[in-house]
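Some structures to go through are shown next.
Next come two complexes, and both contain chain A; in the first it sits with chain B, in the second with chain C.
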Partner chain A sequence: MDYGNNRKAWLYLLPALAFLLVFMVYPLVDVCIYAVEERFNFASQTYTGIGLYNFSYVLHDPFFLQAVKNTFILVLITVPLSTGLALLISVGLSSIERLQRLYQTVFFLPYVTNTLAVGLVFMILFKPTEYSPGLVNTLLAAFGVSPVDFIEGPYWAKMLVMCLYTVWVVMPFKILILTSALASVNRDYYNAARVDGSSKWRIFTRITLPMISPTVFYLIITGFIGAFKAYSDEVAIFGTNLNESGMNTIVGYVYDMLYGNSGGYPSFASAAALILFMIVFTVTVINLTVSRTSD
Partner chain B sequence: MKQANDYTRIERTARRRETARKSVTYFLLSLWALIVLFPFYWMVLSSLKSPGAYNSERSPVFFTASPTLENYGTAFTGVPLSRYFTNTLIFTLATVAVMLIVIILAAYAFSRLEFRGKNALFSFFLAMMMIPNELVVTTNFVTITSWNMRNTFWGLILPSVTSIFYIYLLKENFEQVPDELYKAAKVDGTSDLKYLFTVLLPICRPTVVTVVILKIIECWNSYVWPRLITDEQAYFLVSNGIQELRENGFGRENIPAMMAAVVVVSAPLIVLFLLFRGKIMEGVSRGGTKG
Partner chain C sequence: MKIVLQHLTKRFPARDKKGEDVIAVNDFDFEIPDGKLIGLLGPSGCGKSTALNLICGLLAPSSGRILFGDDDVTELPPENRGVGLVFQNYALYPHLTVRKNILFPLQNLKGDERPTKAEMEQRMLACARLVQIEPLLERRPKELSGGQQQRVAIARALVKRPRVLLLDEPLSNLDARLRLQTREEIRRIQRETGVTTVFVTHDQEEAMSISDLIVVMNAGVVQQIDRPQTVYDEPINQFVAQFLGTPPINLFSGRVRDGRLYLGEQCVLVVPGAEDGEVNVGIRPEGFVLDPEGPLGCELLAVEVMGRDTSVVFDHGARASSSLRAIIPSEERMHAGERSVRFSLKPSKVYLFDKVSGARIRFGGK
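== the complex of A and B ==
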């Protein structure tokens, strides 16, 4: 092998490698060290021992348990809901010809918006103003529902807003991916089925769904991973003090431990981040196993 | 005669059923379009209402007879919104520029150069793609703090300039360019660097543009890292500025001015999207996340 070329290649790779080592590989090792250093003091850089105390602290912290509960509810509601809804919309979208591009463009809009900014719009849609109960409550009143404070009120109301906003935010990606998957199904299958006189529903369940099932599984897996990492959408709606509003997520807990009013505990943050990673990893492995056995 | 009648009747019901199905489809699609667009409409509408009119509404008003631009003035004078804008612009441009250098060189090495351990190293890069940001953020925060880079642009930029996925995308694209071009360039005595910038990059421009646009969107929306690394308003990006404005600024009582700020912050990306609609959607379907 040409030695000069060898050296040149490493020179080309140097910047990427340097950034990767400093900001990815070293932190990965470091996070495990932080997580086992007990009673680590940020100011004096000292700790009392090595052990699993940080994990036990985090797992007994009511704020963390609340965050885990919130995250799981969010994941279990939004992933099936958004995937199903996206499937419905994509099927509708690929069955029409006129205005298809327009609809596609509109549906994709939430992807390119700043989640913090649009989250504020969602907040004011649900939030009462000085003399009115807010837009959503006014609409609900038409159906005889009494007004609820969706932003500072009962837990389920806040959870509802959180889930709705999450679904609104994740839909564009799912619709886009599903529409292109549907477009790539070979037309011949449909024509053959139509000659056989199969009903639309039968064509959908027997041809379309099996053909796009790898895409659906891909979306479910990325959906789970994304929803487990929810954080900035919640900040947008409920503000930065998520513990106070009871709407924190696991990622939010990690950042709160690191920085802010309750911050300064990198050990607890690391332990929580590792727990999150283990949860996401386990769920992804389960997902992959299910998708493989169903093939 | 009777048979012909049956036939037309069957055809008519079939056509009617088809029309009904179409109408339901269009209705449902329009319903979702309404749900998507309504927040945008409400945001623009609220930004045009005068604060007094907004606060004294007994029930929400769906249009305004006397639109005013005063909220936009308040948004820019009440908080250093133009400062946040400039910061975000600098941050975005610098990140994209540094990232391009890093990933183009790396992608070139992986696609065109031969060296020992290439496959192993590439597998290692791919494995790193699975590491979530949350896992490395603690140490990066400590690193940047110990380098005294909090509240600096470098502190904001450095951790986000490598993107393995974009290296992967570019490498795939570079490999599609025929070997003959490279050999011809070598025969002519062209250096690798010159070949890369005068031959390869112009050919692969579409992919580069896609990567740039996706990164711009990512930078414009980034919130978590900037929040950790900046606590001086002078270095806030738009996301942090919006959040700050909502919690400690005029956002608490002056919703219309807050919505004006939201419009200003959202507009650039929407314009970018309308200009590069095809590129963005294609790029996201090849390599987007978020969802």
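== the complex of A and C ==
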């Protein structure tokens, strides 16, 4: 081992390591410490003991339980739905020839649009005002359906808007990744399958899907993680007081505990964040295991 | 199953609006006899792969018809033609084992055609045995060598018992030694199955060595269809003569006067029956005989000993190809340090071609 070189290597790594230590490792450790300090007083920076009380409090907080429920509904609906739709659209996109570029651009637009601008569009679609019941309600009325308040109305209506919004926002990236994955599959495989008499469906399930499965798994895993971390999209539609509207998410709960109206509880926030971490960790491990075994 | 091509033509639209259409396959009109191994031979871009894709149905012809036996298959999609196709890169499905790759075409069959599970297994094993890959059935394609992948690809093409087997550049991805071995293999498999086989290649040696018939193509046009030896011995035009043979044929510009062939001022051969005028002269490397009294005097450049033969590189004032090379048996010792060499010519290895059209000019009654 050449120690001179070794030292040099560490020197070159130093900026990155310092950055990671300050902004990743220290906060992580700090979160773990906060999470076990009981009755921590933010103003006086004192606590009464070490234990799991913070976790117990958070797990018994109805707002947290509501946030967990919301997050799980969002994850379970939007991840499969957006990935499936994206796959469908990508396959469609790669099989058309005319105007392919145009369609690709159109489908990619939501990705480059600001979240809050998209939120505004959804407001126009769904939010009743003094002058109109919202575009969707106007359409529904045309079919004789009584108007629903999608923003402040029943839970299912709000959740529907939330899911639609999330799917719409996350899909462009998936379409982009999937179309490039599809384009990278050698055409000879399709030709070989055609000469061998495979039906289109069989080509898709037996050739195309397995070939792009690493990409699909990547999208599912990142999709799960992204959906578990949902927060800003909720704010864009329902405003900052998510607990009141019953549409809070876990990350929203963490934020509220830190800075919201009920803020100033870093211990509860840390405990909630760690619970979220455990959930995401478990789901990702399951995902990876599934993708390994199906490989 | 014989394959009949009737005035088969494929044009591709020009890239830009002003350009002319590209005619990749121009009026193919010939018959491939049943149970033979046919080599489609031509330089890169001559349309041979297009011709193959037309036969297998991946491309639709612009005009003309394709018949398998008496069946007109022109309008049939590839899956209904009963063809087996081996791709240049083999196109083995990387996520399936060898076994599943070979089974794949069988599992696509529907209705009455679909064999039972046991039958599929049996046919898969029979094909694996034919191409000698039985020990490799549980491997993935990436765990196989190029030659083994090639065999799997052939087995996959044969498993549904195609009427016609098509191979696109089957040997181009293999190294030299494997190529030699695999072409014997293709010949053997074709003999054992008796399936009419068409393969595409740009390598004349490959085509010559295993084909029953070779079809020489250039720029979308068939030049000559015949047995390999005949095409080599009796090329129909200058292109065919130049394309076949390693080392390539030597070219000179010559002149015929009073039934004699002149290279420069040297009268080198009597060519009875040839009309007077300027001609291109092609002489095969084996057409030169060392002869101190010979009529063709050349400047000696180099002597390359290759064991069995000796390759003599020389120059001549009437040279029209980039280099001139004669192959002589190595028993005939060359004297080192000589600056010139004299040859006499074997009339059967000398070809005259029209200066403009490149068509063969026959002489001496052949």
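Rule of thumb we're sticking to: the second predicted complex is superposed on the first by the 276 of 295 C-alpha atoms of A that agree within 3 Å, B and C clash if a C-alpha of one lies under 4 Å from a C-alpha of the other, contacts with A are read in each partner's own complex, and residues count from 1 in each chain.
As a working rule, contacts are C-beta pairs under 8 Å (C-beta built on N, C-alpha and C of every residue); 3 or more make two chains touch, one makes a residue touch a chain.
Fair warning: this is a prediction, and the values are worked out from it, not measured in the lab.
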So, A:Asn186: does it touch chain B (first), chain C (second), both, or neither? second
Discussion item. So in the superposed three-chain picture, is A:Lys229 touching just chain B, just chain C, both, or none of them (first/second/both/neither)?
Written reply: first
Go through the superposed model and pick first if A:Thr115 touches only chain B, second if only chain C, both, or neither. first
Exercise. Now for A:Thr240: first (chain B), second (chain C), both, or neither, which partner does it touch?
Worked result: first
Chosen between chain B and chain C, the partner touching more chain A residues is B
Check your understanding: Which of the two partners, first being chain B and second being chain C, lies in contact with A:Met211: first, second, both, or neither?
Key -> second
**OP:** Considering only touches as defined above, state whether A:Ser198 meets chain B (first), chain C (second), both or neither.
**Re:** second
Residue set of chain A touching chain B in the complex reads 1-2, 5-6, 8-10, 12-17, 19-20, 22-28, 30-31, 34, 82, 88-89, 92-93, 95-96, 99, 103-118, 120-122, 124-125, 129-132, 134-135, 138, 168-174, 176-177, 180, 219, 222-223, 225-226, 229, 231-232, 235-236, 239-240, 251, 254-255, 258-259, 266, 269-270, 273-274, 276-277, 280
Chain C contacts chain A in the complex at 56-58, 77-80, 83-85, 87, 89, 91, 93-95, 104-105, 108-109, 156, 160
Chain B contacts chain A in the complex at 22, 25-26, 28-29, 32-33, 35-37, 39-40, 42-43, 46, 54-60, 101-103, 105-106, 108-110, 113-116, 118, 121, 125, 128, 131-132, 134-143, 158-159, 161-162, 164, 167, 192, 217, 220-221, 223-224, 227-228, 238-239, 242-243, 246-247, 251, 255, 258-259, 262, 265-266, 269-270, 272-273, 277, 280-281, 284-285, 288-291
Seen from chain A, its contact residues with chain C in the complex are 186, 188-189, 191-199, 202, 206-207, 210-211, 213
